Amino acid sequence: MALHRGNGLATIEYPTGMNQNGDPSQAWIKVKPDGRVDVFSGTSDIGNGSKTVQSQIVAETIGVPYDWITYDNSNTDSSPMCTGTFASRATFVAGNAVLKAARQVRERILAIAARELEIDPADLEVADGAVSVKGTPAKSMGVDEVAGAATFVHGELLTGDGAHLNPGAAIVDPESGEVDKPPHAAISYAACAATVEVDDETGDVRVLELTQVYDIGRAMNPTLVEGQIEGGAVMGLGFGVLETCYPYYPSVEHRGDGMNTYHVPTMSGLPEINNVLMENPSSGGPYGAKGIGEMANNGQPAAIANAIYDAVGVWISEFPITPERVLAALDAKREGGGEPRREGRVVAFDEELSISAATSAKSWGP
Amino acid sequence: MKVVGARLPRYDGVGHVTGRTTYVDDVRLPGMLHAAALRSPHHNARITHVDTGAAEAMAGVHAVLTHADVPLLVHGHLSGAGIPGDEPLLAKDYVRYRGQPIALVAADTVDIARAACAAIEVDYEELPALFDVRLAFDDDAPVVNDTFGNWYNKYEGDLDVRQIRKGDTEAAFDAADLIVSGVYRTQSQEQVPLETQVCVAVPEPDGRLTIHTCTQAMYFSLGVVCSHLQMPMSEVKMVGGTVGGGFGGKVDTASDPLTALAALKSGRPVKWRWTREEEMLASGNRGPWHMEIIDAVSSDGWILGRKMLTVHDAGAYGRFSVYGLTKHSFHHTGAYSIPNLHFDGYVVFTNRIPTTAMRGYGITGLATAIEVHAERVARELGMDPYEFRLKNANRVNDTSPNRIAYEDPSTVEVLQSLASATGSELSDELRAMSRDERSGDMLPDHLVAQIGSGGH
Amino acid sequence: MELNVNSVARTVQSPPLTSLLTVLREELDITSPKAGCESGGCGACTVLVDGQPRRSCLTAVCTLDGADVVTVEGLGTPEDLSRVQQAFIHHYAAQCGFCSDGMVVAATAYVNGGGTDDTDAIGEALAGHFCRCTGYVKILEAVAAAARGDECDVGSTASSANNTYVSIAGGES
Amino acid sequence: MTSTVGAAAVSMPSSEAEAVAAVTEQPYATVLAGGTLLVPQHTLGHVAVERAVWLGRAEMDGIAQSNGRVTVGAAAPLAACTRLVAPVGPCAANIGDNEVNAQATIGGNLCAPAPYGDVRGPLLALGAVLRWADPDGIHTGGVEDFVAAGGARPGRLLLDIAFAAPAAGSFVALQRHHTQALTAMTVSAVRGPGGDVAIAATGAAPDACRLTSAEAALAGGGSIADAAAAATADADPYDDALASASYRLRVLPVYVGRALEQLGG
């Protein structure tokens, strides 16, 4: 048996927000008489952390402590419309909605405080749950006092609402694919390197290391974005070498019907995962955020495939890269095959997989 | 800034680690019934006869739903985007994939509901099935989709192909020193959320419905439910927002509308939790993609042009596949600037589970194809993989396939950072590259025309 | 039959072959063990039976008469979190939280059994517990921290050693 | 969601004799040992159980060694079997994660067909003798005899498994990295006191099988490579969710070779 090591890389890009846009999010906020803040948003938290990140945006924007925020995304009666948690849109699009609502609340707080302190609101600022006069921090009142005054002295509700809709829905020219406006909220970029070990007798691939660099826009909560990237790395590992719903695709036979016949990645023998998070603030996201949750499993499969080529000199272009595919390719190579067709300046790989090889109904090829 | 950027703990973290977080399956109500589905055993068949009499007569059975119970059987999830609906909530005349629901039973226990499903008589006339997307275009291919045929044919009205045409691809291929083609086939992947699809629907005394949902998109699902049930949004309260993993698979609203109908028909709260086997074998998963890429390349390592054919295996019904393919087309150059493009993409229907969103939707397979292809081209050129990628990487004001100027691309910096993190030596020339708008050596003649007017 | 669940004596009426998972969730309304697969494949239903981690979905309740059963609710409360629970919060080992109930229980058994902070050993010990969100990196760190006996602040979270930050302009940020 | 269909009665014998009586009386009982296979099938409605007998108190989990012979009670947990000699010990260790391994029994695994039943391979190689009871009385035979008799079924109780401690044993498994899915193939090799080598595989054929052609190649003086190559003649490969027939056939010699290398000269 021989184990062969190889390295490979891939670079990727991915849009934030629904393709072609047109996906609104809305939020509203009210302040209790003691200054505590209730946020109502319709954004589901699927583990990505939207409850946390949106609460952070609100606390930061209003200028109150994080633990003053109550975040309610529990139902559609109290929460306004949000298109949902998908397309890496929750932080960017829904985050912008709560940001706008929080700004309104902040303005209302300043307006009430200005009346209480008898000073121009423009000369006031809010931080750490207190409104103070710029340059004269001693002259201040707590946001709790402001909220109390609003409620019991001025007869007002401190509230705000916000909605975000990226400029219109992009219209596509059916001939050229040209769009009339950006079809995304932002774009993020990343690269991934993989180190693998290939058993040349069985085709078994072990991924030893994944190193990844992500343009994250801005880390709203570094720990949470790390969690997205680490989770994505292992899901990409699964896509790369383990998982398929149809092991004999296109056949539908012999599907894995449970956790012990469908190959889900596990904790044992995890590759070493190292990440570099690169801040490159977006122009339109809340505090420069981008959405990177979805792209996080896009780079590993190709990086692994390229590392396998580096290790043993075979290309795998059908996924996942199972031991059988690697071994079949190694066997073909040992028998002198597996090479692309080379003809003049044309190098044609994988022709046996092509649509032209399967049917004459669609002609295609170099 | 103090709060944004801080390493704060999860808002719901304490609940998560102490067993206190309430997920949909943790909701329990007095008198709650349990549902089970009768699913198609066939990949493609005509339903000739359904008799629910024996099931309805069973003790403990409170509602048996078939297509006749659904006020609006077909709702288009993307009808707002002009994409017609094609998938019945419960199969009527045909089943087009194994696992397609035909009936739902609500009963006192899940065991009774399963037994009642087994007691429903269905006769089928089996039909030949289509599984290979490459054969969908053949004249004698079995017909899969009753609305669209074997591939989607309503792009921007009546086109049957999503296409991108940019620059002069023929000229680029004429000028190429090297033409490299490859075929990439990426697989179907199950989202495998630890929480399977689950719903609890509750008829309220005031006539409204409360739906405890695992959806990733409460308002989207509210729209789906209200459409199928033909009810105004005011009549339905979705309760959710706390989801045991989604990864795209819980945008489908797979369990809400039928559970709601069962609650209405029985007048009782109903829970429908899918088994892991149902989740694996009948829930929407990431679809397979068949991608053929041909690149025209110069000997000094520029990608002059790309022709690409994509055939997306959507499964039996459309769901979000058209959206996924359009997104795919918009990004088919990956992180590179390729000025001359010819892209044709098809959403093809096969007799497998309808595919749906999954993390990286439309692009995971694409990125895989593009990057293996890039590596092949670099190797054929005898060029360092970093150099090839850095050279072709998108720069500020380069334009995307659909002519949007890149505002803040960081591919160059990200690659440089990766090289540094992995101890890969880059030449001074490569280290000196930046994302800045192209000029000098980085602006060869073939890239001039694609420069945008946006940027910054 | 009798079960001692989280230090409370409970009488069980369910038929004898009923799984402990079903008994806990449906009869006793203890909902932390999750029905992730009901086939022993995912680990989300793990509880302690007489101190040992057990898949409650694989265990017929009739085999447990008089047994001591502890679910994650019995390990700590929001006001009085166990060391493992604190570590899970501080190291961000729970995202959607659905696997966390079983994961925390299994991690507790590992730590109580004298498990070390060795990542390979933790990975082996918890290999049957699936998490689809975290990629396991932070779970491994949390269990290691608990095994070491680290004090874990639940008001903040830790950066993993494997993550570094740069800004687009270059340099550490 | 409390189960109401098939609310089986479960008896709990306190000796092997009581267990035999309880299983074989009418209506025939289903055996509940660790429960790792039966309980989920019951929960999901995949099996109907009229009556069950739980072995947890029947004192059938002992492991005894005397005069070079090892006897393992059918209800011995796999975790307890991991300290047995190769190939059976390493095979037991390879099954399930820690929790399943602690709960599942060797008898239960042996009774379960592919893709379960990994212990059939080492036990075949060891020439293990099984004892089982059914309404006709107590039977003894090899793994193949037990399987040929229909394997596990209501009214039948596997009692114990006995084998001679080998001079040497080895075990290899086709275990994918990064996942906990079931094992697609195993190969066990045993050198008997007389120097003869027995080899058995799971996953090479729909049921566990001896690789007699490989054994013959060795007995005839062939090399490990000869034996490995010969093994394919004994295979009856099949497709399933874990591996294809062609891959099974292709790597069987590789794993046979590895098992024999591990067995050593």
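Letters A, B, C and D name the chains as they come in the text, with residue numbers starting at 1 for each one.
The working rule: a contact is a pair of C-beta atoms (placed from the backbone, for glycine too) under 8 Å apart; a residue touches a chain by one contact, two chains touch by 3 or more.
What you see is a predicted model; the values in this text were computed from it and never measured.
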Most widely separated chain from subunit D, with each centre as the mean of CA atoms: A
CA centroid of subunit A to CA centroid of subunit C, Å: 26
Whole-Å gap between the CA centroids of subunit B and subunit C: 31
Separation of subunit A from subunit D, taking each centre as the mean of its C-alpha atoms, in whole Å: 46
Geometric centre distance via CA averages, subunit D-subunit B, whole Å: 42
For subunit D, residues contacting two or more additional chains: 1-4, 6, 44, 180
For subunit C, residues contacting two or more additional chains: 25, 37-39, 41-42, 92, 95-98, 124, 127-133, 157-159, 164, 166, 168
For subunit B, residues that touch 2 or more chains besides their own: 6-10, 12, 192, 243-247, 275-277, 408, 410, 413, 417, 421
Chain contact topology (line, ring, star, complete or other): complete
Interface residues, subunit B side, partner subunit D - complex: 34, 108-112, 114-115, 275, 277
Residues of subunit D touching subunit B in the complex: 1-6, 44-45
Subunit D - residues contacting subunit C, complex: 1-4, 6-10, 12, 32, 34-36, 38-40, 42-44, 49, 52, 54, 56, 96-100, 102-103, 180
Of subunit B, residues touching subunit C in the complex: 6-10, 12-23, 25-26, 28, 191-196, 243-247, 273, 275-276, 408, 410, 413, 417, 421
Parts of subunit D lying in touch with subunit A, wherever the complex brings them together: 115, 174, 176-182, 239-244, 246-247, 250-251, 254-255, 258
